[in-house]
Amino acid sequence: MIVVMEPGATQAQLEAVVQKIRDAGLNTHLSVGTERTLIGVVGDSHTKELLRDTLEATPGVEKVVRILQPFKLVSREFRPSGTVVRVGGAAFGDTAVAVVAGPCSVESREQILQTAEAVKAAGATLLRGGAFKPRTSPYSFQGLEEEGLKLLVEARQRTGLPVVTEAMDAHQLRMVAEYADMIQIGARNMQNYPLLREAGRSGKPVLLKRGAAATIEELLLAAEYVMNEGNYEVVLCERGIRGFGNYTRYTLDLSAVPVLKHLTHLPVIVDPSHATGKWRYVEALALAAVAGGADGLLVEVHPDPERALSDGPQSLNLENFNRMMARLRAVAQAVGRGL
Amino acid sequence: MIVVMEPGATQAQLEAVVQKIRDAGLNTHLSVGTERTLIGVVGDSHTKELLRDTLEATPGVEKVVRILQPFKLVSREFRPSGTVVRVGGAAFGDTAVAVVAGPCSVESREQILQTAEAVKAAGATLLRGGAFKPRTSPYSFQGLEEEGLKLLVEARQRTGLPVVTEAMDAHQLRMVAEYADMIQIGARNMQNYPLLREAGRSGKPVLLKRGAAATIEELLLAAEYVMNEGNYEVVLCERGIRGFGNYTRYTLDLSAVPVLKHLTHLPVIVDPSHATGKWRYVEALALAAVAGGADGLLVEVHPDPERALSDGPQSLNLENFNRMMARLRAVAQAVGRGL
Amino acid sequence: MIVVMEPGATQAQLEAVVQKIRDAGLNTHLSVGTERTLIGVVGDSHTKELLRDTLEATPGVEKVVRILQPFKLVSREFRPSGTVVRVGGAAFGDTAVAVVAGPCSVESREQILQTAEAVKAAGATLLRGGAFKPRTSPYSFQGLEEEGLKLLVEARQRTGLPVVTEAMDAHQLRMVAEYADMIQIGARNMQNYPLLREAGRSGKPVLLKRGAAATIEELLLAAEYVMNEGNYEVVLCERGIRGFGNYTRYTLDLSAVPVLKHLTHLPVIVDPSHATGKWRYVEALALAAVAGGADGLLVEVHPDPERALSDGPQSLNLENFNRMMARLRAVAQAVGRGL
Amino acid sequence: MIVVMEPGATQAQLEAVVQKIRDAGLNTHLSVGTERTLIGVVGDSHTKELLRDTLEATPGVEKVVRILQPFKLVSREFRPSGTVVRVGGAAFGDTAVAVVAGPCSVESREQILQTAEAVKAAGATLLRGGAFKPRTSPYSFQGLEEEGLKLLVEARQRTGLPVVTEAMDAHQLRMVAEYADMIQIGARNMQNYPLLREAGRSGKPVLLKRGAAATIEELLLAAEYVMNEGNYEVVLCERGIRGFGNYTRYTLDLSAVPVLKHLTHLPVIVDPSHATGKWRYVEALALAAVAGGADGLLVEVHPDPERALSDGPQSLNLENFNRMMARLRAVAQAVGRGL
């Protein structure tokens, strides 16, 4: 950490800053340039991070420049070889690409069973489906709740596919953890800290979706909340950030994949369905994601999108999902992976 | 709502769309142009909204264009004269500008009492202070929790200032509602729907902060969640959206003030402290907000920012807060309001 | 085009709007709903587009909703089978993926010849290199100008690779057109209309890069400027939009590829070098682009990036470019294309 | 400037970096921490800036952190008391707020004379009007060109108001400089470097508008291009950046005003007309801009917006402009300024 003093900072201000740093048990390293005086701060990175705001609020300080990342457990340096998160028979971060597929919402027994069998046949490795749905409008369908969770369990029994589903608060999460194999934290809740902590205590693998305005650093710090509770089974998911376009719902930030793979040991997957909001563009971006190094995909599939109670416009029908999987297999092999 | 058919849509596809609309109890209005066929959808707006995704997922449909806003209770048309939200002796949406001031976090009895008295003396009308703090890093100070709420109550007893504080989940909210006069929903939780519903049932006025990636429409739909539970006492707060600059933490979207005042009857306030992240820019943007029509401000004030446990760099000290209030008084009068 | 009247619009205002539309030679189609009155505008789309602002400025009008796209010549409907742009022996939009490679700037005879031969050997189909450089700072290296153009011609003679290079104003463009095989319009000049018109009159194929803040529609309208002068040989290039991240320089918007392929008949390529600003992420995004349907790539390659006069941090060295090309070949084949 | 070495950098890599820095005539300052080795680079800031890319491309280097701003002439430190730019009898950066008003385009003799007299009567200090218009679509009205410039001169003769108008390339700029009192560089051309240089050589004051995707730093470096040619009469204009909202055309970044006033000595004005694209929101943001410290405004005014050939929806009519000016006068006085 480097403290940059203002051009007109006084000697007394400089000394006060140095004193604060030493009082915290850190060392200083002074560099007096022609235009600015810099103070290098050396020592425990956790202590430095806690001191940062204080120093920035101190008179005479122009800014504080961070040299190291503020995260620890998620950092690639913590586990250089990478993490493989296993969920039932499926795995994220392994050579094979994980494909989580299924409807936005669990709507009925028939719908979820039919979809589960079809995506399994096409090569999906996990089943998704929402029982508690975060919806922008209070007037939209909000999910079947516990009944939906039971139907997901039945679909798992029928197909063997592990089940991923979302929880929106600590109360729901405890219920979800009883049924699901993996708990999804949605993009809107990426910085819902009580929820992240509860997920960290749940003992279940966590699928953490990036918030639409979240920086890479904020996403990693959200994962750090989960890991800080002792749960290291976290998979990150890029699902589109807020952009200025209106041909797609969000802007898929595919560069987040290689950036995250560089910074963290956690597996990284991509959700092209929510990113685009339009089924027409899902296949192209699914192929792109895997070619670009993603460890998996989260894709919305519905047997009859025009009858879906939510997200119909972005759901692949079974025929399109089959087609995507065939093309995906070829791309995955081209980059040395499989499905 | 207008359904735009694809150029190559067949007659059968057109009829299927028309049938779906009629099955939902709505009327259609066909317009066959040289380049596209349009179907106007006439009838209950709620039914139309629910049908929108379905239509967009139907073969032959290019897109569905919404003509009306998807919100109802928050709409200006619902209460053209505007809403005044009263909290203790203070009011939002009245002629006088409301000023909510106080520290980011309640840190100690001395700190909160000193700040409360000072901001009251300077003309603030409500006291803010966090007891449960959403922090980007799990290693940062997380708040005094219930102890903090009790100190806020003591500060209210001492100064008469009504108290605004944040809750991050339903469990916290019930506790906060016992102590606070107004419940804050933070930007990171703007789309935490279980929390919004709980706030709607709390019987307390709600201060709803706009999420960093939230559109105006999403903010209004979040308020609609609260109002849909019967709680009409909602104040909206613009606090900066995610932008590409790095001289301020967020990009304050001040045009949201006149836009919201046009679209909704709810009061609108501005938080220049979180928007900028730097105390140096707070005063200018506070004056700008009030000149631009904001009904109030949310400002972080700390008696000793360099010792603050959170948000020191963006907190005004007491001297700067006094100066801001003096200048604010003049600006408020210039636009026909007061403090 | 649909004109939406305000809820309180008077009959006289409605009639005035209808009159204006008819005066322009267009027909109207009235739809009186319970909440709004809509006026469908039917007729020549060019006339409608010109009338749009006028209608939106007319009293009683809430907004004007456009149904059709405002572009014509670039539209997929204009040439449904797609356009192949041929430049020397290379082609954009054909089955084979075009790879434009070379240094940011032409720096010396040795540097450009060495790079040209190396990228040719690795499979590149065109050579890039800047003679006139747009640089953010006036103190940075600005290019060799005409001398650079002559070196590019020598490199073409040596390798047979057609040459792509940028012009920043009409004067430069006339000079560039005498030497280069394809003229690049850079992202910063995407809405430099005199330059676009000059490019349209140049008789040379044009590589048009998307501006960092440009919407898909603005990019297509910029291409429309070129085509409107009679030059239909335009290739579009996605090179990253302004986002909020700081791990990459821009945010590569890969969804622009399938969106553009859907909307326009023009070929679409991707520049992962400028998008990321870091060579480390170039390969992953190059593979992703081709898997996602891009017709080609624009990649910065330098024999010795640490001695480059510009863009060293984002340039692949020859070894990394070779590696990328080998992996790209496999991905291109996996999606039914070649190099 | 600080060079941060990678955790696994070798001693040879470290020495190579140090050697490069010394070869450039700069000094180094080594700091070996537990997690990273840092190299402070001390010496001439211009040399450092040129070396930055090279160092970032050197093996073993993780990143290069800049401590100082890359601009010089525009910097507040260059002229701490601030610059007043005088144009005829008007001034930017003085106590009085400058108001540049007029139509988007010069459309006819009657239109520009009528507008000039009206805005003068209402208190405007300069007249704006476009003769060369940058239009997103090639099918829109493109301006009266030299004829428009002559009409502006006539309006100046009639009213005494100095004239501001835009040039889009070097050729136009030379013509514009013969007629206008101040040359506008539009947002789309903010990084058109040949144009900036030509403006720097024109001998006329320059009004430089911020590009929609331009950072504060890029705006200041664009001004540096003009100043580097010896022309120090530059006024900066915030006119909205690309955001994700759709209720306004751009997102007015009002925090740019205090940030720029802090970083540079140049005057800063605001254009609420282009920022919002809707006349309804112009007044609120004009008042906000002046309360927030802007040195002036650029406002579109048209005697009959519904007949305007361009920008009708965002133009104030004369009545609304008069109203705005009256309210503005009060706000300007409240912050210690006048009109």
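The first chain written gets the first letter, and so on, giving A, B, C and D; residue counts start at 1 in each chain.
Heads up, the rule we're going with is that a contact is a pair of C-beta atoms (placed from the backbone, for glycine too) under 8 Å apart; a residue touches a chain by one contact, two chains touch by 3 or more.
It should be emphasised that the depicted structure is a prediction, and the values quoted were computed from it without experimental measurement.
The chain with its C-alpha centre at the largest distance from the centre of chain A is D.
Of the two chain pairs shown, A-C and B-C, the one joined by more C-beta contacts is A-C.
Measuring from the averaged C-alpha position of chain A to that of chain C gives a distance of 31 Å. Rounded to whole angstrom units, the spacing between the C-alpha centres of chain C and chain D is 25. Mean C-alpha positions place chain B and chain C at a centre distance of 38 Å.
The set of chain A residues that touch two or more partner chains comprises 213, 241-244, 246. The touching residues of chain A, when paired with chain C in their complex, are 213, 215-216, 241, 243-248, 251-259, 262-263, 275-276, 280-281, 284-285, 287-293, 327, 330-331, 333-335. Chain contact summary for the complex, chain D toward chain A: residues 2, 4, 7, 29, 31, 33-36, 38, 40, 42, 45, 65, 67-68, 77, 242-244, 246. Those residues of chain A whose C-beta lies close enough to touch chain B in the complex are 46, 49-50, 53-54, 56-59, 70-71, 134-140, 142, 168-172, 188-189, 191-195, 211-213, 218, 221, 224-225, 228, 241-242, 279, 305-308, 310-313, 315.
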